[in-house]
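Note that chain A is present in both complexes that follow, paired respectively with chain B and with chain C.
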Partner chain A sequence: MTAALVTGLGVAAPNGLGTEEYWSATLAGRTGIGRITRFDPERYPVRLAGEVPGFAAAEAIPGRLIPQTDHWTHLALAATDMALDDAGVDPAELPEYEMTVVTASSSGGTEFGQREIERLWDKGPGWVGAYQSIAWFYAATTGQVSIRHGMRGPCGVICAEQAGGLDAAAHAVRMLRSGARLAVTGGTDASLCPYGLVAQLATGALSTSDDPGRAYLPFDREASGYVPGEGGAMLVIEPDDVARARGVHGYGCLAGHGATFDPPPGSGREPGLRRAAEIALDRAGLAPRDVDVVFADALGVPARDREEARAIEALFGPRAVPVTAPKTMTGRLYAGGAALDMAAALLAMRDGVVPPTVGVTELADGCGLDLVREPREMPVRAALVLARGHGGFNSAVALTAVRRTQN
Partner chain B sequence: MIDDDARVVITGIGVVAPGDPGTKAFWDLITSGRTATRAITLFDAEPFRSRVAAECDFDPAAEGLSPQEIRRMDRAGQFGVVCARQALADSGLDTGVVPPERVAVSVGSAVGCTMGLEEEYVVLSDGGRNWLVDPSYAVPHLYGYMVPSTLATEVAWASCAEGPVGLISTGCTAGLDAVGYACRLLWEGSADVVVAGATDAPISPITSACFDAIKATSPNNEDPGHASRPFDAERDGFVLGEGAAIMVLERRDAARRRGAQIYAEILGFASRSNAYHMTGLKPDGREMAEAITETLGQARLGPEDIDYINAHGSGTKQNDRHETAAFKRSLGGRAYEVPVSSIKSMIGHSLGAIGSIEVAACALALHHGVVPPTANLHNPDPECDLDYVPLTAREADLDVVLSVGSGFGGFQSAMLLGRAGRP
Partner chain C sequence: MARLTFEDLAGIMRECAGADESADLIAGMTFEELGCDSLAVLQIASQIQNRYQVKIPDEAIEELTSPTSMVDYVNQRLAAA
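What follows is the complex of A and B.
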């Protein structure tokens, strides 16, 4: 079976717009978490978030698309352009039915939707704009990316809250295996409007700290929830033989994926994360000892951190694998988070350095992980990315370095 | 092409469709030629351009949901869970026997929990007056309304599923795509049972306003019972519907081993995107035709093998022409011979849910040997010149049927189903 090679990355992250901007900030430990600026958060118990800095839609995407789509889709369109450019492909030159788009969305065009519902209830139905019907729904990003680049193959949209980014990538790999020669995948989210934030508050999982350096501390004794963020990453994937034929080595392969669902609340049975990881490794043909680094889900909610630490330990043994969570510098990006973690893992392979988890000073009891807290230079040949979604979703993706032929 | 030992069958069906809930009520309605479209009762539609919809007469308590389930789930979730339980009971599958990690869930929805999301917004913003909404009025499950994946979570809990679970949200093809996704999970061996289908409950002010704004829905408020007129020269837009269909999918050999009732086999699934326009359709129907041709290839069948087409048939001017062109393009002369019908003429267009409701209709059509009609088709559009089975159902010996869907985003999907017991 041909491998699915990632040949292009596009990143729109709170600590860097652009792949190299994100990566250098991440290796330098620079956070993108700060006080919310998209609206005045003063009256809310959560005032911090990761916002993508310096994103000017007018510079990043065609002007006519700006009023037609939500900020979430703007970010994805911009990241897709970067990823295609990085891959060095011109979609216009490829067979239209052999290109597909599969994205994840956690909550759709939340800010756009809030504005239109407000108009409806405040002023009346005639005030709802014509673009609400295409901007709000969860398929907006996939549809717009497909149209913008003439990708007419089988497209998809997968929602599994924060696990969806990995499931979308896995589905894109399926599309390659059934004949596509290029897929755009990944995800973004941007629910930093008042209603979006208030909906997130309802989970009780957000940190109410006002200190950007101490608000999101997964696996730490002082973990108090997480910080929300916006943005994500888009990836271009191709069958490795197709990519090689045009002289492209790519970043690494999407080698295996596993998805599971937790037992119902109160069952007392083991959550499904470990099993998802095992399936992903098995499909990739990897043993736990082959894995050089784990990009953790790292929710920052103490009980859920312990749960994840137990799953990692059960699979790898105590402190047997480096674990990292660079999302401590971006906040959790919902559907974009796991996609960004895949990008980070692939960049770690490229540069031989594991990015750090910032802010964590003292590991909580039950979280005895080898948590990478400074950039760690080491060869990365295989990485495991873990993601969990609200409601019981678990996903894992195993990434492997490119097999380069020796001259 | 699908391996022989990976062939997928439908062994359980649960439907909540406009009119009375339940699979039997649904089948009776869509074979009677009666319509469930009416003046909207779910909210005060007086200020809206289109005030017609196909509503479910759904009482969640009577359908067996507990008080906490009723409080927690919005209407789309309630439809989904009721259907999932019905489908599982219908399948005769003992969920205590199948290992939960081998049970997967694939639920489609176009607009997720928008009804809950809108209702809560109205309270938190105090009637749309406050952009900075007041969190002290938030219900504890508000976040569950914001993320559509909640619908998959609820169905997974109802199905004791611990395998792959996902919500597919490709707009109005989501219901077909979710069943297609389920097939892939079975074909590749990621699960042994997939509880698959779709749910949507979009009859709400914001969704109505969306479609009003682009004049997609029928303004025939004077005659709501005849407002949904697919393929008719006087059609003037689709009629919003709601509902769900959830099915139990298994590999055929496993279903046969346990002696399950088999409604139908899924012979193929394919999709394409027009990459043309978020809401507009090219008149040539090329991408839908491509999807149809690919499903035939998967099943190693040709146009002559198709005995019935369950059309998307939304009743918009452009859709019905587009689709007619797609059938001609993909099936050639066979397009003029094969009966084509749109059950949206009777139950409206429930966005993402309708694709699964139509798959259920196809499975029941194969099972009962009956082609549902297109209601309200009195004056055929000259540009829609196929046999659309006007007004009255037909008995027919059905072996292979095709269901297609088309949606915002440019998505086009096609699924081929076959009679149980095909060689």
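What follows is the complex of A and C.
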């Protein structure tokens, strides 16, 4: 069966706009976490976030699309352009019904929505913009990418919070299996406005620290929640025979995916993350010993960190696999987070280096992982990306540098 | 008396539809040719209603397929008011 090859990457991350900008910052351990500037956070309990630096929509996307779409869609449109350019693909030259778009979204267009709700409140219904009807909702990014590039095959959006980026990629692979020759997948999120932030506060999982270097410390004794961020990554995937026919070797394969849902709280049963990882490896035809690195979900909430460490240990054995969380430099990007981790894993394969986890100084009890804290040069042939979405979603994707086929 | 000029409309279109419109350009073209879809026209019409205190019913908006027809319609309504 045809393997799904990632042939293009586009990154809009808090520590770098552009794939190489993100990657060099990540290997240098440079964080994109800082005080929120998109609004004045003074009166809110969470004041730190990862914001994409130097993003100017007017320079990155067509002017017509700016007032029609939310910041989250602007970031995805820009990252999609990068990914298509990286893949060396001109969509105008391909059959429009053989291209598909599947993105993840978690918050939708909250900043756009906040602006329109303010108009409703201050001035009345006649002042609410017509584009509110299409800008806020989860499928807006998928729809705008599809329209902009004439990708008229079956499209979709998946909402599974942080797990969504992996689920979207898996669905995009299914689209290739059913005949698409190119899929744009991945995800972004950008919910750094008062309304968006307050909605995120409800989980109680956000860090209230004001120290960018200590606010998000997954697996650390001082873990105190996570920092939110905006941005993400877009990926172009193609059947490997199609890509190779045009002389493209790509970054690596989306070799296997598993998704599970947690048992109800209080059931005493094991959470579903380990099982999702096992399914992903099994579908990729990989054994745990084949995996060179795990990109952890790394929530930064002590009990959930221990759960994840237990799942990794149960699957691989004690300290048997390098684990990393470069998201300590971006914050959690929700729908964009796992997509960005896939990009990081593929870049790790390309360059033979595992990116670091920053800030963590002392591992918490029950988190006895081989946590990579400085860039580690080593061959990366297979990587496992883990993601958990608020509400019980678990997903895992196995990526391989060599051709593997999902069973 | 308030009037909607092509310059005014071009300014509203720049805000609503996010592209560089000039009064000269829009006078001879349809909204569709200018790349304005039905939502863009709805947005432009609602901005005009808010700023000029003129009512443009939804049925009328459907008929207003060009900047010229929009300017004529709005100015007739303003003159009648």
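Points worth noting:
Operating definition for what follows: the second predicted complex is superposed on the first by the 401 of 407 C-alpha atoms of A that agree within 3 Å, B and C clash if a C-alpha of one lies under 4 Å from a C-alpha of the other, contacts with A are read in each partner's own complex, and residues count from 1 in each chain.
Just so it is clear, a contact is a pair of C-beta atoms (placed from the backbone, for glycine too) under 8 Å apart; a residue touches a chain by one contact, two chains touch by 3 or more.
What you see is a predicted model; the values in this text were computed from it and never measured.
Of the two partner chains placed by the overlay, chain B and chain C both lie in contact with A:Gly129. Residue contacts after overlaying the shared chain place A:Thr361 against neither chain B nor chain C. Of the two partner chains placed by superposition, only chain B is touched by A:Leu201; chain C is not. In the superposition on chain A, contact is made by A:Arg64 with chain C only, not with chain B. Judged by the touch definition given at the top, the superposed model places A:Thr37 against neither chain B nor chain C. Touched residues of chain A, counted separately for chain B and chain C, are more numerous for B.
Chain A residues 68, 123, 126, 129-130, 133-134 lie at the interface with chain B in one structure and with chain C in the other.
By the touch criterion stated above, chain C contacts chain A in their complex at residues 15-20, 35, 39-40, 42-43, 46, 49-50. Against chain A, in their complex, chain B makes its touches with residues 47-49, 100-101, 105, 110-112, 117-118, 121-122, 124-125, 127-129, 131-135, 138-150, 152-153, 156-157, 160-171, 174, 177, 181, 184, 188, 190, 205-206, 208-214, 216, 270-279, 287, 290, 407-411. Listing the residues of chain A that touch chain B in their complex gives 39-40, 43-45, 68, 96-97, 100-101, 105-108, 110, 113-114, 116-126, 128-130, 132-134, 136-140, 142-144, 146-147, 149-161, 164, 167, 171, 174, 191, 194-196, 198-203, 259-264, 272, 275, 389-393.
Put simply, chain A touches chain C in their complex at residues 62-68, 123, 126-127, 129-131, 133-134.
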